[in-house]
Amino acid sequence: MKSRTDALRRDALRERYHRVRAATLRLAEPLTPEDCVAQSMAEASRIHWQVAHTTLFFDTFALQPAGCPPYHPQFGFLFNSYYEAVGARVARDRRGLMTRPGLAEIERYRRHVDAEIERLFVDEPASLPRDLLMLGTHHEEQHQELMLTDLKHLFAQNPLRPVYRERASPAGPGGIGGRDPGALRFTPFSEGVRAIGHAGAGFAFDNEGPRHKVFVADFELAERPVTNAEYLEFMADGGYARPEPWLSDGWTRVQAQGWQAPLYWELRDGRWWSFTLSGMRPIEPYEPVCHVSFYEADAYARWAGARLPTEAEWEVAAEPVPPEGQFCDEAHLHPRPTPPGTGLRALFGDVWEWTASPYTPYPGFRPAAGAVGEYNGKFMANQMVLRGGSCVSPPGHLRASYRNFFPPEARWQFSGIRLAR
Amino acid sequence: MKSRTDALRRDALRERYHRVRAATLRLAEPLTPEDCVAQSMAEASRIHWQVAHTTLFFDTFALQPAGCPPYHPQFGFLFNSYYEAVGARVARDRRGLMTRPGLAEIERYRRHVDAEIERLFVDEPASLPRDLLMLGTHHEEQHQELMLTDLKHLFAQNPLRPVYRERASPAGPGGIGGRDPGALRFTPFSEGVRAIGHAGAGFAFDNEGPRHKVFVADFELAERPVTNAEYLEFMADGGYARPEPWLSDGWTRVQAQGWQAPLYWELRDGRWWSFTLSGMRPIEPYEPVCHVSFYEADAYARWAGARLPTEAEWEVAAEPVPPEGQFCDEAHLHPRPTPPGTGLRALFGDVWEWTASPYTPYPGFRPAAGAVGEYNGKFMANQMVLRGGSCVSPPGHLRASYRNFFPPEARWQFSGIRLAR
Amino acid sequence: MKSRTDALRRDALRERYHRVRAATLRLAEPLTPEDCVAQSMAEASRIHWQVAHTTLFFDTFALQPAGCPPYHPQFGFLFNSYYEAVGARVARDRRGLMTRPGLAEIERYRRHVDAEIERLFVDEPASLPRDLLMLGTHHEEQHQELMLTDLKHLFAQNPLRPVYRERASPAGPGGIGGRDPGALRFTPFSEGVRAIGHAGAGFAFDNEGPRHKVFVADFELAERPVTNAEYLEFMADGGYARPEPWLSDGWTRVQAQGWQAPLYWELRDGRWWSFTLSGMRPIEPYEPVCHVSFYEADAYARWAGARLPTEAEWEVAAEPVPPEGQFCDEAHLHPRPTPPGTGLRALFGDVWEWTASPYTPYPGFRPAAGAVGEYNGKFMANQMVLRGGSCVSPPGHLRASYRNFFPPEARWQFSGIRLAR
Amino acid sequence: MKSRTDALRRDALRERYHRVRAATLRLAEPLTPEDCVAQSMAEASRIHWQVAHTTLFFDTFALQPAGCPPYHPQFGFLFNSYYEAVGARVARDRRGLMTRPGLAEIERYRRHVDAEIERLFVDEPASLPRDLLMLGTHHEEQHQELMLTDLKHLFAQNPLRPVYRERASPAGPGGIGGRDPGALRFTPFSEGVRAIGHAGAGFAFDNEGPRHKVFVADFELAERPVTNAEYLEFMADGGYARPEPWLSDGWTRVQAQGWQAPLYWELRDGRWWSFTLSGMRPIEPYEPVCHVSFYEADAYARWAGARLPTEAEWEVAAEPVPPEGQFCDEAHLHPRPTPPGTGLRALFGDVWEWTASPYTPYPGFRPAAGAVGEYNGKFMANQMVLRGGSCVSPPGHLRASYRNFFPPEARWQFSGIRLAR
């Protein structure tokens, strides 16, 4: 019985491995070789690099410990990211100059690694590093989301405003623009000692645990994300022109970088448009506002007489909710209006929701041993936690305990706002 | 009865006002006019400015609302700091160029404001803005500490290594170097829902409240701060040479700025010295390590198999302890070795203790209305909380609930390390 | 007769146009699309851009005035360079992000423009803007050289050190390493009023004229460029370690950027190698030193007890010499040892020779009217003149009066040293 | 006879030494200690430093070679400037932090050095390093001018706009505003081989020689500098708004730094004012325009259909003219309107006149041996020559052959425009 269960699990992992690996290449299909090599800012990565880096993960942490020689002596250097323990790396802002190896050679590299992994599944099932393979596929799913956000940032620099994927669904009533989700309502939660953090059998990143107790006071959580129409009221009320609602660091950013609206918004003849992965589109009032920084989310909340939820509040509210929503498999690649209704809606998918919580270790947190332990714990300073996933997250990737994190000024992720009070 | 109590309180405030104001000028006495105008980095301030800025506080928030005209039409602009609501200000890194008004005129300004405040006490006791006067004196005490830390940073730039105040007490057994405080022991605390935050009648800054419940798991707190001798072991073990113990942002700093030891340390003929307000001195092994950033404190703790305490843990442990220790009235102006003994020692004074807690609002935090509300709440991003005060904090200024905060890379405060686990 | 001569001239221009245009594409043949889009520094350009920009020249200055509509409404913006009069342009350091249009579309653009130009030749010979077409082909030849120097800089960033073209000729006696050119001798010239600057029927850039009189004192010019062996003596004598031979700005660069050798040199196991368009090669002692800045050339000359020639001296010496030498048609793409012999040798080709002359207008200089007048005159500040062309200059492109110019710190051109005294 | 002449020369040098030294201190008299320590930009120096640095010159180059021990072991480090050969120095942009030694100690240092020099005059006349003493006094006169220009820049940063010296003379007819100097006329010069450069018995800096022949073509030189009224026409014609008249580097500066007028000009209620050493004053139309960069001078000249003179042209025209004009002894400290008249006027004093000549060595230039040889020759890159002196140059300091030099973007000197064509 045990071996039967085990074989099923191995088959599931094998299927998952190949499915995730194929999805990465599918995302790159609409791109030219030139699109794949350019890097638009230090924080972003080029597609080439992501396609190779996700492969290097399996090469370094699964194949090489199993005795396979490195595919290329310098790929570790070229495609390493933050794993200080593994060696030197190309400075992040110079990655865009690595025009060789090109996509063709990187795809050969992928095929080689995939074949070697497959060989492990077939020939050496007992010695399969299953946890690492599982971690590697989740790591790769994270990069799938980054491929889309980094590419969007790259295309936005180009005055031709290239289209990654034409928009499939029609606009209009019942279509893209959606319906008015109605006035914002809040769901109440009562105070008490609660447990948060991952517990259980499924996969989770190390930063989601250990599960631990927190005291949560009475709070209310908004039933849906803030819409563009609501955010436009903030803008119309001088949101970007007055220091009052802003944290000091946020106001410094507003002034230094001339922020006047969310990232990718452009004023054309008195009307706001925004750049999407389907090209330029007029702002739809009922869509969730997107591409705002923590500073903007926090300022909006203060202006609205509310606040952002802590990550504990968010997780307490989300734990009973199935992690379903609009993810990247829907190919819309832009947040959709939350349908009218009652109760907490759109917690998962559409837009990442900034929380009021800086990203810190949970009590008792221990990173995994070795270089993979650098995965999350190294970044626990100067970052804020986001929850819930977005319209460019892979389906099945999210959980209530999932902790994403970005610096408070970051705007190029699909990040939005859910209020608390 | 009520009016009697009230008069006593007013007299106490009046005495406090004049005492604090006099202390500021006393700190500036050993300085030349040139010392008072120079500004050594964007984060520091010149003495001139601090002497004037603390006066502007009373001018703006106490006298002008009481009908006094501003002393000078441009002093608000010259000596404003972060009060965005009050108007424009001189860019922080250009303040050192404001050679006029000089110290003589600024002292006239102080005398004018002090006389007007005294007039309010005498002539209009009923309309005294007591809360603002109290806030102003505590604000001024904070600047007294900054005057000393900023001055130390300025003097450290000068190859002549000027002396602010000669060291009074002799070195040697029983003297400055102190005795070996013995091996580090920890005091245990048991888990439960606790209350932290200021509550009660005395003064507190707005960021210390409201008092609220937190869940604290079992923890142990080190009985004393980490010593130079202990920190030298970390250095000898490659502490600054290997990325493993560091947060990613911290390691970036180490490399970019060439950190090899705490700030102000210099290697001379194979021995470490450090610059103090009494000039260059050899490192004393039993003194608490000082002038480390959060990144260094965190790396040291990880290397030592421990961690930094959260601010809740620190406050739970410190609440029963009287806020006594070495403050700036002792004129030693450098941390002293913790005496041998048992139990929690040196929680207050000597060195500020970095906590693991980012600086965020307490649940239900509401800043004061108007410009004084910008005092603390505006800075609740990208900063870490420190607790306990230092050897350059004014006596009587500290409380268990007191929350100081600086960016994680800041090293020019008298900041040290207390471990938890 | 006149019309016959005229037709011959037109045919020559037509042949030249198509020959130059074809050469540009031939240079790009060994490159991948990724190589063509990356830009390695603000001063360099990507290949894409150069291929399109040279085409835009004909589009803007030849076709559009002849009534052709612009090929694409935004190509002017995307591929403009310094022609302020023509409109806005993409910031130079963001050009590498313009992944669209890709090379395929740019080649379509080239074919379109070439066809339109050909149509002008055939259908409207009378209205041919011959001077502009001639200027455009010389402009394009300049960009051919820049394509190679910019590409070399890009490849040098890649730890894989890609090869642009394998080295054809074998090393050894009579081969690449060459023979010892012998001790440096100087050719004397006597003082007097001389004329320099272009005069005559052939093409020249506007900055080469007007021809004018200068007084030149007695001088001697070295018969050949300085070799690597000679430059290594300078290095061995502490050339990069002592401030004495350097101009102040030069010494600042040496220290700020850590210069220890010419650009592209690397020390491997105690021996100097350099990166070439054929990959890494050991330094050949008899080859002319290359990829030095003006500061290095000037410091070397001072160290050697000599100086750099003025551009007037250089031109007086070079005017009688035919402009022949090693240019890019030889496909060696690296300077070759000057053969032993007597008299001035290797004035043209191999390496550009830094002169002591800042780039300023000749007396009576008038730039051409309109945007093409921005071609050269706009840059007459903070640049030094170089003379003679290099091993990556197109054949037939150079003249004795030809004035190249770069900032004194530039090192990525094939620039070397000829002494005077 | 010979010894008699010699004694007279020695007395003259002695008188000159003490006169120049006293003048430096007189310039510092109106200043507070705070004014003396602040440094407003990397290119400027603080007064403290200049007062000490000019003393260090005599200490290092006259007294120490004569056997005197250094006054203070670290003053060489603190007050060295560009003499790389003499040792390390405080980074230029951190000099403002050297609050110790203060002015009192620096004045003690001056008295010590002056007494030692006097002792040499009295006791060891034979061993007097006369050339160095003469060089030192001229060096100190240059710093006297810099003290005023650097101080003006410092005061201009202060919103209180401090006054260095009240304006003595009244405005109005016959007063400060002056009379209309009339339309601009030009004086013609005919072509030929001319000699320029210093020759003869008097003092000159090394960069003024050797005297040498140049060929100068026919040219005309404007009889007076360009006025504010004329410059305002350039501004009104979009001078700062259109790229056409500008060199590329100049236009980059205009845009990056938002230049809209000369330095120190401010628009108040539609009228231009400028900051002077006597405080804010409305722009006087007939005064020479001042505080323009080379880029602005060059752009103005191009706009006006003229050009700047070369330094050879300027010197050929100025050689017969006595070096008289408004210098700093007149205490007006601002350029005065050129009086109406005919012929070349105001060549000396009032405003430095930008030439079209980059600062390069004259043919045969050899810097003095040793560290004093670093005085001028080190800076022969990226600078433009100015001629004629200004209203803040010391009287008697100028000559027709005198070559001043600043980077083309420098605006804080009293620099103006004389046209040529």
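Order of writing sets the chain letters: A, B, C and D. Residues in each chain are counted from 1.
Here, a residue touches a chain if its C-beta (ideal position, glycine included) is under 8 Å from a C-beta of that chain, and two chains touch if they have at least 3 such contacts.
Source: prediction; values computed, not measured.
Asks: Using the touch definition from the top, how many steps at minimum link chain A to chain D?
Replies: 2
Asks: Using only Cα atoms to place each chain's centre, name the chain farthest from chain A.
Replies: Centroid comparison gives D as the farthest chain from chain A.
Asks: Roughly how far is chain A from chain C, centre to centre by C-alpha average, rounded to an integer in Å?
Replies: Whole-Å distance between the two chain centres: 47.
Asks: With centres defined as the mean C-alpha position, give me the chain C-chain D separation in Å.
Replies: Result: the chain centres lie 38 Å from each other.
Asks: For chain C, write out the residues touching at least two other chains, lowest number first.
Replies: none
Asks: Please list, in label order, each pair of chains that touches.
Replies: A-B, A-C, B-D, C-D
Asks: Note which residues of chain C are touching chain A in the complex, please.
Replies: Touch residues, chain C against chain A: 32-38, 40, 48, 74, 77-78, 90, 94, 96-103, 154, 157-160, 162.
Asks: Which residues of chain B touch chain A in their complex?
Replies: Result: residues 82, 84-85, 191, 193, 212-215, 217, 243-244, 246-251, 294-295, 356-358, 360-361, 363-364, 374, 378-382, 408 of chain B touch chain A.
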